[in-house]
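Each in structure tokens, the structures are laid out below.
In what comes next, chain A is part of two complexes: it sits with chain B in the first one and with chain C in the second one.
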Partner chain A sequence: MTTPLTSPAEVTDPTVEVRDLSKWFGQKVAVSGISCSFGPGITGLLGPNGAGKTTLLRMITGLLTPSEGSVAVLGSNPRTAPKIYRRVGLVPEEDAVYTYLTARSFCEYSASLNGVSDVARAATDALEYVGMMDAADRLIGEFSKGMRQRTKVAAALVHEPDILILDEPLNGTDPLQRAKLIDLFRSLARAGHTVIVSSHVLGEVERMTDRVLAMVDGKLAAAGSISAIRGAMADIPYRVRLDVDSPNRLGAALLEHGHVRSVSLEGDVLHAETTDLATLGRALPRLARGLDVRLTGFQPEDESLESVFRYLVRRR
Partner chain B sequence: MTAVAAIYRAGLRQLISGKRVWGLLALATLPAVVTYLGGRNFTASRAFDFFHEAPLFMTVIIVIPVVCLIIGSAALGEERRGNTLSFLVLRPIRRVMITAAKLAAAWSVSFGIVAAGWIVNIVALAISGGGASPLVPGLFLIALNTLLYCGVFVALGYITDRAVFIGLAYVFVWENGLAGFIEALSPLSIWRVGMSAYIAMVDGLPSEILDVLGSVQPGAFGAFAKTAVVAALFSSFTAGLLRARDVT
Partner chain C sequence: MSDRGAVFDLGYKPYDGVRNGRRGAIQAVVKEGWRKVLGLRRRARRKVLPWALLAIALIPVVIYVGVLAVTGELAENTDVFGHAQYFNLTGFIAHLFIALAAAELLVPDRVDGTMQVYASRPLRTTDYLAARAFSLASIVFGFMMVPQLLLYLGEGAVSTNGFLDHVTGNLGTLGDALAASLLYVLAYAPLAFMLAALAGKTNVAAALYLGLMAMSGPVTRGLVDNEFEIAGLFALDHHPRYLRDWLFDTSTKVPDWIPADAGYDEWVSAAVIAATAVLSAVLIVRRYRRAL
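Right after this comes the complex of A and B.
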């Protein structure tokens, strides 16, 4: 199923390949025509909540049947070749844990299901790896969200998979735990594992990897390095709210400003659309002083990740 | 094999945990109370007959289906509702091994609960002078019927959240209603399978008890074979569902 490298969404040595993949639930399209591939190293799957990341990961693992398109994991269809699961680990987004088991017995259970020979040793190693040995013999039901996340990661690592799929693995973790988990994922990637991490937080992904696939509304919005995506974002128009005592005068002056595309008035509030938020922010006080108007507020209105990604999708 | 044993052990732990086991044990010992209270003033032979009029049927018609419904539907249903199904299915093992291990766990727990109640029931019968001859045939009946019901209810619990409601409707409308009134349907009734074995194994039963079988013929081997086939079929059916359906 290997295809020539045609886009930043593809890698040269894929372990996971996705071709024209779509999934719909009734009338709702969750994933629409995605083609991409993943190889050794970390790939960040970035996008706002509801973008289709979890659906895509579930199709990659074989939990969901694609409505259209195909998935190959290590060359096989995961829905028909369960043997590949010996080399795949999944950390699902939801709390897929048995609250009546201890962290150790949960990891031992996971190891047994994967046919690991020394189950006890594998569980201890995995728990040590995620820093959970202190709580290894406590019931998972007593754990905080962050501890559960780390236990899930340990259970996914217990059979030393080649491919690790992590759906929002940093949810609920504190900054210290987050830093440790990120280090862990990076060390796995350095060791040649394929690590796919989904997140809706750009900063998190940025700390893990430079390779990102950005999704929104079930589509690939952007792919490639973070710097390339940031570059693609450079010309996004930002809408800014300006509270000013003389909106007409400032609005007219802003239209002559090179980085302002348009202005509009809503009552006494002035809105401006700019492609360079930082430059406008620096220029505004000087401009206001020069016009002798009183500027009391400057507020970007639409800079969420979701809106940025939506823009990228529209532009594709 | 290790994986199957691990699923079986975890399944036992899952199904035994919680208060439901105590409630079901209480239900399972209810026929023993009836045996004791009803039979204490009877002669030995009357106590034996009385046992086969009420307490036996309480066990067969109510206790076994209800216990199996609660336990069997929880086996995969709780995995689905608790989002742990992905933990089970993303493994290098065949789905039929998962469903077989789950069925075995549900059967073990159900059998254990009903058998415990049955043993208390036989003690009550013995105290009433009715003897203990139904002990082993009864355990055989329980083994067969719990396996059959668990096979059906493990699948049902995986398919729907309304398994208990649908299961109760099945037991009381189909098993105890239609399959009883229409003789041609009686071979499709689960409890009559184990009952056919029991009737074949116990001597001196009141002759009217044969009427409940409808067109089913008494026989232990036939009941055993039918149970094995149906349990295997349902295990495969549930495995097929696990393969075909999305794990959401």
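Right after this comes the complex of A and C.
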């Protein structure tokens, strides 16, 4: 099913391939004609609530049958080849845990289901990775949301999957736990695992990975690195922050450049909107020297994932 | 002091141990089912009902064996307290146990979203269902068989012929008890399992099963008595008991089973039990194929 690399939504060495995938529930189209692939490393799957992220992940993991199109995980259809799950770990968005089990028992059970023979060792290792050893022998029913999330991650990791699919894995975790989990996911990615993370918390995805697939209204709205996606939005000017001792003079001079659409002042800070960031960057030092103003800062303001994503959603 | 240094990766280490096959996963689901039903390694309140039911099922045999021990002899008339009759004594308790166990095994996974625990593992839907069915069948078989075994051993303990002679000389009775227990499992567990597969709540599943068992007898009795004999096929609670009496050769003593009154031979009851089990299995699989 490997296809030539023609789109930023594709990777060269895919472990998961999605082709013309659609899913509708009655009249509602949840996912519409998505084609993309995932390979080793972390891919962030972004989208507002209702964008179709969870539906896409559920089809990738074989929990839902596509209405149209196909999914291949490690070359097999997950709906008909359950043996591939030995190489796949899933952290679902829902609390799919047995609250009457301890974290250790749940991980051991998960290990058993995945054919691991030394379940005690595998469960201990997995719980250590997610920092849950202190609470390993407490009932999951007594856990906070963040602790349940970490237990789910441990249960998904317990059989050392090649592919880890995480649906909103950082929900309910505190900042320290998030940092640890992000480090863990990055560690997995460095080790060559395919990690697919769905999240609506953009800052977290930005910390994890540069490769994102953005979904809006069930469709793939953008794919690739954050800066490349931003660069592809030719119709939307870049917004730049300029720290300068004479903002009025520099602002007036900038407006004479054709690529600068507008300038604005916020206190002593000058903001400019340009369609050509590179040209502005080259021109600024010369301009500042010519005007005899002191330029101390030049900072693109909307290359962050949040800005990019805001633009994507606004385009609907 | 050495000027050498290293930064160690504290991240993920792969599991490099042995991996079991699909059978290992199925065994894990079976064991989890036992834990679920019997409340093993769960809070005390989850243990109360299953163990209380088992205790209630054992009380008559404990009393009977106690009386035998005191009087020092076996009762001559085993029509009152024989192996076949003991199945009647524990009948309602067994139905209650089956209803609760089947509901506990299937309903919470569907309702609480824990089906995903299995759906994202190397198991087929049929593997999951087979494992759950085996958990139910084995526990119900145990529930039926433990009092029978206790009765058998208790009778041996007070036998004037000696324990070993009694035990080895009555293996046929033990075999009949085993066969009757299996018959009960086959007749009741698939129905309870099928209703649990359809119900959205555990108590609804249990009530449906108990209602079906309670109503099928009187309703079919009324119809058969009004010469609508085919209704005798639907006397779900009577088929295994009719066959049980045939197994223990007590049918001449207790002749009022509905299939018998409707004119059906024992093999018809056996066929009805088998057909009900197959039909239930088909419905359960269809239900779960749609659910996942």
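What we mean here is this: the second predicted complex is superposed on the first by the 230 of 316 C-alpha atoms of A that agree within 3 Å, B and C clash if a C-alpha of one lies under 4 Å from a C-alpha of the other, contacts with A are read in each partner's own complex, and residues count from 1 in each chain.
Just so we're on the same page, contacts are C-beta pairs under 8 Å (C-beta built on N, C-alpha and C of every residue); 3 or more make two chains touch, one makes a residue touch a chain.
In this text the structure is predicted, and so the values were computed from the model without any measurement.
Because the two structures share chain A, they can be overlaid on it, and in that overlay chain B clashes with chain C. Touch criterion met: A:Asp95 reaches chain B and chain C at once.
When chain A is checked against chain B and against chain C, the one touching more of its residues turns out to be C.
Using the contact criterion defined above for the overlaid structures, shared-chain residue A:Arg86 touches chain B and also reaches chain C. In the superposition on chain A, A:Gly115 contacts both chain B and chain C. Once the two complexes are overlaid on the shared chain, A:Leu157 sits against chain C while remaining clear of chain B.
By the touch criterion defined above, A:Arg19 reaches neither chain B nor chain C.
In the overlay built on the shared chain, the residue A:Asp183 is in contact with chain C alone; chain B does not reach it.
Touch criterion met: A:Gly62 reaches chain B and chain C at once. Only one of the stretches 7-15, 115-123 or 151-159 belonging to chain C overlaps chain B in the superposed arrangement, and that stretch is 115-123. Overlap of the chain B and chain C interfaces on chain A: residues 61-63, 82-86, 88, 90, 92, 94-98, 100, 109-110, 112-115. Remark: chain B residues 2-3, 5-7, 10, 13-14, 17, 82-84, 86-95, 243, 246-248 touch chain A in the complex. Residue ranges of chain A in contact with chain C, taken from their complex: 61-63, 82-86, 88, 90, 92, 94-98, 100, 105, 109-110, 112-118, 121-122, 125, 129, 157-160, 183-184, 186-188, 190-191, 193. Contact residues on chain C toward chain A in their complex (touch as defined above): 9, 11-15, 17-22, 24-25, 27-29, 32, 41-43, 46, 113-124, 292.
Residues of chain A that touch chain B in their complex: 58, 61-65, 79, 82-86, 88, 90, 92, 94-98, 100-101, 109-110, 112-115, 119, 155.
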